[in-house]
Amino acid sequence: MRLHEHEALDIFEQMGIPVPRRGLATTMHEALHIAGEIGYPVILKAQVLVGGRGLAGGIKVAHSPDELKELAEGLLTSEIKGLPVRKILVCEKVEIQKELYLGITIDGYSGRPVIVVSTEGGVLIEETAKNAPEKIASIHIDPSFGYYPYKSRSLLRRLGLEQKIISAWSDVISQLYTISIRYEALIAEINPLVVLPNGGLLAVDAVLEIDDSAISRIHLPLPDRFERMENPLERRGREIGVTYVDLDGDIGLISSGAGLGMASMDIIAKNMRPANFLETGGGITADLLYRCMDLVLMKPNIRAIFINVYGGINPIHEGAKGVARYIKEHKVKIPIVAKALGNRQEETWEILRSAGVHVVTETATEKAIERLYELVGTNRE
Amino acid sequence: MSVLIDDSTRVLVQGITGRIGSVQTHWMLEYGTKVVAGVTPGKGGTEVEGVPVFNSVEEAVKETGANASVFFVPAAFVLDAFLETVDAGIKLIVVVPEHIPVRDVIKMRHYAIEKGVFAIGPTTPGILSPGKGKMGIMPASLFRPGRVGIISRSGTLSYEFAGILSEVNVGQSTVVGMGADPVILRNLADILELFERDNDTDGVIIVGEVGGEQEEKAAGFIARRMTKPVAAYIAGRYSPQGKRMGHAGAIIRGSAGTVEAKQEALRAAGVEVLDSPIHAAQWAIKHKLR
Amino acid sequence: MRLHEHEALDIFEQMGIPVPRRGLATTMHEALHIAGEIGYPVILKAQVLVGGRGLAGGIKVAHSPDELKELAEGLLTSEIKGLPVRKILVCEKVEIQKELYLGITIDGYSGRPVIVVSTEGGVLIEETAKNAPEKIASIHIDPSFGYYPYKSRSLLRRLGLEQKIISAWSDVISQLYTISIRYEALIAEINPLVVLPNGGLLAVDAVLEIDDSAISRIHLPLPDRFERMENPLERRGREIGVTYVDLDGDIGLISSGAGLGMASMDIIAKNMRPANFLETGGGITADLLYRCMDLVLMKPNIRAIFINVYGGINPIHEGAKGVARYIKEHKVKIPIVAKALGNRQEETWEILRSAGVHVVTETATEKAIERLYELVGTNRE
Amino acid sequence: MSVLIDDSTRVLVQGITGRIGSVQTHWMLEYGTKVVAGVTPGKGGTEVEGVPVFNSVEEAVKETGANASVFFVPAAFVLDAFLETVDAGIKLIVVVPEHIPVRDVIKMRHYAIEKGVFAIGPTTPGILSPGKGKMGIMPASLFRPGRVGIISRSGTLSYEFAGILSEVNVGQSTVVGMGADPVILRNLADILELFERDNDTDGVIIVGEVGGEQEEKAAGFIARRMTKPVAAYIAGRYSPQGKRMGHAGAIIRGSAGTVEAKQEALRAAGVEVLDSPIHAAQWAIKHKLR
C-alpha cells in the first residue's frame, strides 16, 4: 500500500523527522485558509499516487491569495497521469541550499534492506545514478545484525560531507529506518531532503509504501486500504480479493496467475486492446468467478472475454460453475473464449461449453487468442 | 538423477490437515511422490490420505526419515514453521503460500542459506520431475518426462510452457517454480546452476516477468557458466507502468527492470529470447531437445 | 525495578496471558466489595516486594464475608519480612489441577536470555531444580537469531507433555517473551502457571523485574520508580542518586563502589553493627557527600560514621569539602573515620582533618575499621 | 609483556571531550600511556590534552594507528559506538561507563566475541599495568610494578588490594577490572587464562562479590587449567538478602550465588580463600610473589 505524501509526512513528523509546515485542502477555500496561516509564498502539491508528479504539472507555487485561488482551482479540477486530484497539500516554501536524496528499500536480489543516499537529490536522481555514480552511496543492512546509527555516519562520510550535515542527516536516516521497520515498508524515501540556509534539514517530500502482506500485524494507525483506491473497478477488485487493473481497451480478461495474465495481455495486445488485467490468485470458487465476470462486465463496451485458468491449486471446475451461472443469469451475449487446463479439466470444459463458452483445449494461449480474434472479427459491428 | 527431486526424496507436507494441504497431498501421492509424513501442531496422531500426521517436524523426521518439505501453512505461521524445519535437518523446502511478509522471507532466506538448505518460493507452484514426483501444486496432466528444464517466476505460465512442449512430444526433466515475491528464497541463477549440473537436462527455458532483476543477474551467470542452450520468455511487455514511486530500487539495480532491458541482457548472454510462449516448441525442436 | 504482582498481572493480561479475575484493595471495605463481585472463596495476597511471601503468611483464603473482614484487616495491619502491607490483591480462587513453572531471565554467564519451564511449579520450585532436574527444562535464546514459538514447542516436548498443554503453554511463553523484550525485563516469571480442570492455563502469580538502566527507553506506561520504595531512607537515597540499604545497626557507612562498601560492611560486622549500606557510584561532588552525610544521620542513634572512598573517577577532594561543610553546619560530634586514597589524596586528608575527621592513611580497610572500633569503644556510653 | 597492555598499545579515548573523558585522558597520559587519539562525533579537528580528536573511529585508526579503545561515552550511546569500534578493527576495548541496559551489553558481548575482540566491562575501572600504562580510571598512586595479577569485580576493591600489596612491597603485573554488571563482556575465566599465560605474572588474586556465578565457573577453570597460585576474596557476606524474587536465575545456575557457595567452589579448586582484603599481603609473601 502506497501512502499519500501527506500521510507519510505525518508519520515522518511523529518520528521526529523535520518536515515543512503544511495543511491538507480539498477545496480552494481550505487552501486559501491554510496558506493564510503559513504565509506566502506557498507550494501546492497534488496528492496523487504516481511518480513524476512534479514534471506532470502537479506542483505549483502561489505567491499571493489571487494566484493561489487560480492555481488551487486548476489543480483540484485536473488529472495527473489519469488520476483526478481530490486533495492538495499546501506547504511552506523554504529557501533551498541543496537537495539531498535518501531512500530505504529492500534489495530483492540479495534479500537485504538497503539505504541509498546522494548529494544530488531531486527529480533527476535516477539520472544522477547513471551519470555520476560517485554522488550516490548505499549500504546493505545485515538482517540479523540490524541497523545502528554508526552505519549511517560511515555511509555519509563516503560522500565527503561536512560533519554537521553528517550528524543531522544520520539522525534522519535512523528515524527513517525505524519507520521502515515499524511500518514494514517496501520503500521509505525522502526526495529531496533539503538543506536549509541555516544548515538544518527538511524533508519536503515523503514516500512510504507498506508491504500489503504485513499490514495485519502493524499495530499502528493506518489509512484504509480500500478507500484510497481512486478507480472504482480496481477498488471492487480488492473487495472481492482479486487484482484488477483498469486499461483502455475492450477485451475483458480473467486469468489465474499474474504471469499467465501478463502473457495473455501481451498476446491480446498484438492486434486487440485489453480492457483490464484480472488475476484471481489461488482462491478460485464458483462465487469468485461469478463476481469476476460481473467486475469485467462493469466496464461498458466490452466486446469479448478471455478466460485463462489452470487447475493446480485452483478448482477450475468450481470456477466454471460460477461463470456458467453468470452467463445464464445475465444473458451474456458477447463471445467468451476459455482455456482451462489441469486437474478436472474435462469436467470444466463440459460446464463451460454447456453455457455457450468457446473452449479451447490446446495449451498455447496464442491459439486461444487466435480463436478469440476470429470471434471478435466476426462479431465486429 | 534429476533436479531436487529423485528416488530418495521423502516428502513431508506441512499444514497437511488444511483444505489445500490435504487435497494437494492426494494429488502428490497420485503422481507417485513418496509423501511420508505430515505436520500440523496439535493434530499429531491423525492421518491424511493415509499419511501419518505429527505435531512437530522433529518427530516427523525421526519417525519417517522425511528429507524434504512442502509448505501449505497459513502465511502468518510460515516463518516459525520454516525455521523449525531447517533446525530439524530438512535440506529441501518448497514454500507454496503467497502473501508472506517480505521481512519474514528475508529471515527465512538468510537462515536457509546459512544452514545449507535449498529452499524455493514463496508463491511458487513447487517442483515437478515428470515420472518421478512433485512437491507442490502443479497439475500433473500437462507434464511428460524428457530433457528440458523449466524455471518459472509464474506458476501458471510454467504449466503453459510444459504443456506447449508436451504437445509436441518434448518432455521435461524438472520444472521449478522459483517464486514470484520481491525476495525469493533462492535466486534464479542458483537454480540454473542445478540444471547446468544435471545429467538429465539438455536445455533450459526461463520464464520471467517484468520487474526486479532476477533475469539480468541470471544473464551474467549464463554468460559465465552455462554450456547448455537457454531460451527465455519475459511476460509483461504490455503491463501498465508509470505508477511506480520511489527511486531507491532502480538506483541500486542500475536497471529499470523492464521487459526490454531483461531481453537485452539475456540476448547478450547468448540466450534465445522467445516472443511468445508458443515459440518454445520450435526452439526445443530446433535444439533437438526431447 | 520490581513491579508489584498486581502491576505485572495487568501487563500480562494486556498481552493476552490468561489471568484470574481480581481487584486491588487498600482497605478492608474495598476488599469486601471486590470479593462480593468475584464471589467466594477468594484469595487475599499481600502486595509486598519480597520472595517467599506465601510461606511468610502473606497469602490467605477467605470463604465468607466475615472471614474476609478478619483476614483483610489482619493483612493490612501486618508486616511481611519487615515490609508493611499497604495493598492486597483479591483474586478468584480457581480449582488447581496442576502447577507449572515458567520463568524467563538473563543467563549472566553466557549472556543470553533463557526460558525455564517445569511441570512442578509452586513455592518449592528451587527444590525441584535440585532434586528432580528431569522435571525442569530450559532453552537459551541466541541474541541475534531471536525467539520463535517453535523453540517453546520443542522445549515443552522435552517435558513429555500432551499436545494440548504444549499448544496453550507455548502461546503463554511467546506472550511472556514479548513482554520480556518490550519491558526490558531481567526476570519475567509465572509461578505457578495453573492447569485448570478444563485444561486451560491461568497465571495466578506474576513477577516482572525491569532493567533500571533501560527504563528511560521503555515507551510504555510504568509505575513511578521512586514512590514504590517503602523505606523513606532508601527512597531518599534514590532521590539523591546513591544506593542506600537500611540495616539495623548503628555504624553509618559511606563508600564509593559496591564491592568496597560490601567489604567494609563485612569487616564492620565482625564486632560492630552497620546501620546502612551506602554506595555513591562514580558521581561524587561536594553536594552529594553533604547529602550522604545527612542521609546517614537521618537514622537516630548513629554512633559513628565510616567513610571509605577512592579517587579514581571520583574527585574525592570535592567530596571531602561536602563532608567538612556538613560537620561544621550541623556540629556533628560523633566520631567519623575516613579512608580516602587515590588522586588528590593529600588535599582530601587536609580538608577532612581540619573538620575533625579521623583520617587513616593506610590502605587496608581493616586498619581503618580497627581505628573506628577504638573510637566507638572509647565513646561508648 | 604483560596482560592486555604493553609497549605496542596505542590508546583511543572515546568520549574524550566529555568531563570525565578529558580528566581521565590527563591521568592516563600522566601515567605514561600512549593515548594517540580521541573520538567524539561532531568534535573532530579539535584537541584534548594535546590528543587529536576525530569524528569516527575509522578515521582515528587510520590517522593514528590506535589499536585499543577506552570508553567514556554516555550509557545510551555505548552500544552504537562499541559496534563501530569493533568494525574499525580495534581488538581491545575497555567499557568504563555504568548503567548500560543489559540487552545492549548482550549484543556487545556477542559481537565482540564473534569478531575476536577482547572487551572488558561495563562498569569497570579498566586495566592498569604498573609502569606500562593504563586504560581506565584507576588511581595510579596505589599501584607498583611486580608479578601479582589482580582481577576484580569491584573497581574500588581492586585499588584496595593493589594498595595493600604495594604497602608490603608486593607489586602487580596487571590489574583488571572485570566489570560489575549482570552480563559482562568477558567472563572471569577468560581473564584468568590471560594471566595463566602471562610470563610476567606469578600468582593471581580474584576479588569477587556475592551474586552471579562468575567465581563458581572460574573455579572450574582453575581446577582444570591454572598452574599459578590463586587467592580469592568474596565481598558481601553481610549483605542483606531475602528481597530476591524470581527463581529462574537460581534454577539455571543451580547455585545460590552466596559468598559461602563461591568460597566453597574456589576452595575445592585449590584456591586460597581470604577472609579479609588485608590477608592478601600475607598470602603474597607466603608465595614469595613480588
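Just so it is clear, A, B, C and D label the chains in written order, and each chain counts residues from 1 on its own.
Going forward, a contact is a pair of C-beta atoms (placed from the backbone, for glycine too) under 8 Å apart; a residue touches a chain by one contact, two chains touch by 3 or more.
For clarity, every value in this text was computed on a predicted model and none was experimentally measured.
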Query raised in the report: So what's the Cα centroid distance for chain C and chain D, whole Å?
Result: 27
Query - Chain centre separation in whole Å, for chain D relative to chain B (CA means) - result: 54
Report summary line: Residues in chain B with touches to at least two other chains are numbered none
**Report entry** Residues of chain A whose C-beta touches two or more other chains
**Finding:** 144-145
Requested in this report: Could you draw the chains as nodes, link the ones that touch, and say if you get a line, ring, star, complete or other?
Outcome: other
Report summary line: Contacting chain pairs, sorted by label, are A-B, A-C, A-D, B-C, C-D
**Report entry** Contacting residues of chain B [partner chain A, same complex]
**Finding:** 20, 24, 27, 75-76, 96, 98-107, 109-110, 125, 137-139, 141-142, 152-157, 159-160, 163-164, 166-167, 180, 182-184, 187, 207, 209-210, 212-214, 217, 233, 235-240, 242-254, 276-278
Report task. Could you pull out which chain C residues touch chain A in their complex? Result -> 144-145
Report summary line: Given the complex, residues on chain B that touch chain C span 41-42, 44, 55-56, 58-59, 79-81, 83-84, 87, 111
Query raised in the report: Residues of chain C touching chain D in their complex?
Result: 2, 49-52, 81, 101, 103-109, 111-114, 116, 118, 125-126, 129-130, 136, 138, 143-144, 184, 186-187, 189, 191, 207, 209, 211-214, 216-217, 245, 247, 255-260, 262-263, 265-269, 274, 277, 281-282, 308-313, 341-343, 345, 362-367
Query raised in the report: How about chain C: which of its residues touch chain B in the complex?
Result: 145, 148-150, 153-154, 157, 163-164, 166-167
